[in-house]
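Given below, in the form of structure tokens, are the structures.
Here chain A shows up in two complexes: once beside chain B, once beside chain C.
Right after this comes the complex of A and B.
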């Protein structure tokens, strides 16, 4: 209990841990990422989901029955290629699979099929950029940090061993033969901020591209860390379940090694250590390392790819999260960082935001800030109040209708308070927004005169717009009837939204003799 | 030690199986389907093919194993009317050339009444069953000669197709880059009928030749085929004139060559230098692949598992796995796993890679002497003066008695490995090859990759 409290109180200190200048930290990561495929890597068994009954997603091949052979799932290959392209890796024209041998109950073949000699991709990078990513450097002039990627390989996941209290081990093979990619970085990390930013950014990327669920907690992404000081021997740390584990283990290991160096004790080469929540513990040294006896799996054909595969995949990829984030930081969006991160993690909402922004700024010539304000201040909180998950219930608030509402409130036709309650009742399924707006405008006709232009006022406005925009008028007369929208927009703007766009259109058409 | 092993040979004899050719027989015999291409033909499977009966690979480790699925080859035979009669004895996991490495004791040779002679291996039970006339044909596996050699000793035909012709799905892997399904029968009609049924693509086997490649192979073969009745060019590889070759086998070879010459075929002396390094390359590759393939047998999910006795510490999982494997595998299998693991270990250097290079060179040299181009290795020019087939003896010596064989093996186990000398080159190069009885001995014929039809025709010339 005391231990726990000490541990808990010290976390705030840990979060600001910076390496000492005379003991330079060097860190590399090894990430295992479960690919979100329908089937397993080398069999036609559906991939297991959480809560599947143990050993219910297992084929003859997955359980290592004699006489069975592997067959590569092309979907896994595609997801691996997407990751490689998104990280700017060089894709191998020819890659192949190898067997890595070791005995373990959750390893039914006695070997893991992986890519040792010819991995699918090498090289590549993930660039951490301030202010999107925290690179934790004292020098404020440095705005980005490049983390180089050594390679990406495709491989099988193992089954899962469950250790029982009575000393027995239960083995669940549902996870066996699930496709993984292993990504290895070079030891480019100089501090914990960079490690944390990298993991976050990587999670964001694989989620956004539909490559992986991206969760550390469920084991969909598993991270091993290697740590060395002043280019000394590197120590690998395994069994890190979440970001807190990773951060704390690196810090612990850093000070452990600093202690050893100060004492003049040599650091064991190629040591593997585990993390128990408090400290790193020796697991394996170089002397008792397993000889994996790698050799090519001759049953699996080589993967041969065309020379323009990177281009082809690139064309299929959407704009990447980091590019979107940079855009959203700048005008005309100028969103806050936390909001940008939120949108990138919720692609449906990102699309919703972009559409709302486009309608408000282009069709109604309003300022872009209204899109962000309404989404983050009103829409999210209304869903929260209604206790509804937002992404799957967005159909309750079609973006066109929300934009009408925004226009109504901005123009003053609808009061702010009314606007919020209209939104709330739409989300709670009481009345759709469009009905609320129309009923509001009929019931408040008496007062509407003060805020809505009369017909003659509208006519006067339109004449004025026509006179001051001769070029547009010329275009319309020469046949580009669509440009009438521009005139309407101008008129709406000048009337501060007090005119009816429908009326304006009719008036413009009459004045310009268009049918 | 030796006599104890000999005495245990026939302990598995249950029914009237005088040659210990069977490991199991079906409890009831199905009449088979009428009107199919294999109707009224009875068959057995080497006990490394999965079907609804038990599949032991003649190993204690799989002595209790029953597969939930069937091998594609076995299913195809059943669908085409074949009548299943049982699973045959073999060398454990296909490792051996005598069928003495079996948990169920040695199979013996029906051809000899003067005492227990080896049936050959590893498909010894299959060869014995066909030779004794128990069934019309049997499916075996040939990794380095395991169908051809026992066929040769037992006086039947043993055919191994090009690598990838017949599906290996449901066939227990020994060395996956060399393993082929082979056919044993007493006449060419049966061999060709069965081959016709099995020669097709199977999408479950990643090494099965795709339909498109099969079509290409056929057109390449047709393009170089001199035609039925026309003289063939037949090559005599001089590297097969090894010191281990017995005078009788040398005589038999010469005799066959003379006969073919009399028929009007052109005989050509040819050289394939890499044959000399084939044996070591083969054992390097086969044992490395075997060590890997047999890693799955840990006794945890299926197969033999040691009940924890008082005096054995089975605290750790690895101790249990080690115990199961030490008790479950026979001595020859353990020896080959050790050899293979040594080859694969990081301390041993790059033996596997070197052996692979020998293999490539061998294919290259074969391509240099055949008339037909090798479609798979992209040498697409036919060589007008090249050979249609090559011939040699199948085995180097006479069929030894079990005692003789074991004595030789005990002297030096490499003596046993030398039995595969003549059959290994075709295995390494993936070529089709057949052993046919010739006098009291046998002759092996080989052809270019994919040229099974020319191989069959040459076989018929000798048999008629």
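Right after this comes the complex of A and C.
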């Protein structure tokens, strides 16, 4: 009970939560994913976007007018098939649609068209791998976790209900008949780390393949979880809006069930509970479960697919994010995990990085690290400084021109400081990067010398800095060699970035007789 | 029996006009005989069953005793009729509690069509054209004919409005 109370008052995600050894947690997920199609699932009404005027994306069929009939949108079929292939599912040669009946104002047909008896795909898996995915196991020798997928089915979304203070309900049918896929996993999750990693990885996959926007907050992906302890009765939790909700609800439900087991109270069979942000609440039990009266939809023909459709789709899929991430971890890339995750979530930037890396390493025989350094340390911060969104403004810094700038800096023709200034000017629209670069390459030696200090100028500058900072020099001589960085900083500042920090360090060491 | 006869005839093209006329003239069954009240085997419909049916159908569950009996009788009649449909048809229409996996109205589903390839799906996507006669081109306003607004709200004509059930309105 104390456990429960403690948990009920918690509002933050406790990353340290691990199931107790004697009460084994088992979790399964149901994910509803809105497909990013041009039209709706069974009509050619444009799919609604955020801020669409209510009821402005509604055809006769979407509003359930009598006499209208459904016709499957092949784009939704293709996106569902891509998801299934990416997750190694078995595609059904023949699948069909069924009607799931229940009455709700935002469901104008009186039933939802779904795939109950013959779903589009079964089987499949998503493998979580350390260090890319946190699988949260105490045993460090286990490096991966396989989450099995039971099935994927295509179905319609409902409209949206807004509950008014006077008791009435306003219904917006823009979302009605939007294509969804429902993905059901087996109860393979042993802890919340795996749940969180799975959801992240799934979001990444559907975004990368252009299947869904992947956002939980906008409802593009909606998640229900089922929780059981020691293979006992399974409780389903609905109404989870984001990862924090999901994690907290599982934790709460785990401790609630542990409390019941300790007290000898049986867990209710097939119970559905809701999450209110603090605790899970009983919604439905087996006794008052809804009878959906599923039956085949007689207006929609079966989907018959060729036997090699999986192979055909597989051949057209790009390299999947998990494969790319594993490659980026290894040489010649060796990127940090946070940078890999960033690139996987931003395909435009990933392509940009790969091209920059290729030009620098192949054409200019430079080390690959320069690509990552310039992208993450200079390019991103310059866009941030200019308050510009990077992916839609990358045309301001074409990859070829950035590579020339990097080559200029690495070769010493352009100082680091000037390189950064050229980049910033290009991003802020002051001077296109190609003009700055062409002026560098065509300018005279005199112009070039005004951009970078000569060796003798650097020596002169260092002597001046030594003379004007006697206290720091004394520190360095007494053994605090690290203080040399202060002198380098001073010299860089006075040269307005025209000096090379590497050269300055060597000159200071020579002048102060430090090895 | 009639169903069987019809099926037999419908598969042959040798049926003459006279034979069709003769078939239609002869009486095999009447609606009255099939919908006779208190059919045997329909006792399963009890008030609890009716209550569940009303709930599933989205109707109000609380009805008067008289109304309840009327509805139970009606359901019994319907069940009697359905039971008749299965009479002597065990070979053709097997009565089963299993879900109707293969019950299909669409002829195409019973004929082996050519399975879809990836290119077929891509072609279909390319050739999709919204149809204004189906309201897909948004020239109509889904709520334009709406008369019901909630007082004081500026956006009500944009929504379908479902009002709470009021006893006053049913009087």
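We adopt the following convention: the second predicted complex is superposed on the first by the 428 of 515 C-alpha atoms of A that agree within 3 Å, B and C clash if a C-alpha of one lies under 4 Å from a C-alpha of the other, contacts with A are read in each partner's own complex, and residues count from 1 in each chain.
The rule is simple: contacts are C-beta pairs under 8 Å (C-beta built on N, C-alpha and C of every residue); 3 or more make two chains touch, one makes a residue touch a chain.
Since this is a predicted model, take the numbers as computed values, not measurements.
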{"item": "Touched partner set for A:54, first chain B, second chain C, both or neither", "value": "second"}
{"item": "Contacts of A:75 with chain B and chain C, given as first, second, both or neither", "value": "second"}
{"item": "If touched residues of chain A are counted for chain B and for chain C, the larger one", "value": "C"}
{"item": "Touching partner for A:93 - first (chain B), second (chain C), both, neither", "value": "second"}
{"item": "First, second, both or neither for A:169, with chain B first and chain C second", "value": "both"}
{"item": "First, second, both or neither for A:389, with chain B first and chain C second", "value": "neither"}
{"item": "Contacts of A:309 with chain B and chain C, given as first, second, both or neither", "value": "second"}
{"item": "Touching partner for A:101 - first (chain B), second (chain C), both, neither", "value": "both"}
{"item": "Contact residues of chain A, present in both the chain B and the chain C interface", "value": "60, 63, 65, 68, 101, 103, 105, 110, 169, 171, 291, 293-295, 298-301"}
{"item": "In the complex, chain B residues that touch chain A", "value": "48-50, 55, 57, 62, 65, 67-69, 71, 168-173, 176-177, 203-207, 288-289, 291-292, 294-298, 300-302, 317-318, 321, 341, 344-347, 352"}
{"item": "Contact set on chain A toward chain B in their complex", "value": "60, 63-72, 99, 101, 103-105, 108-111, 169, 171, 291, 293-295, 298-301"}
{"item": "Sites on chain A touched by chain C in the complex", "value": "38-39, 43-46, 53-61, 63, 65, 68, 73-75, 77-78, 81, 93, 101, 103, 105, 110, 117-118, 162, 164, 166-173, 291, 293-296, 298-309, 312-313, 316"}
{"item": "Chain C to chain A touching residues, read off their complex", "value": "52, 56-58, 99-101, 103-106, 108-109, 113-118, 121-122, 124-125, 128-131, 134-136, 138, 141-143, 150, 153, 155-156, 158-164"}
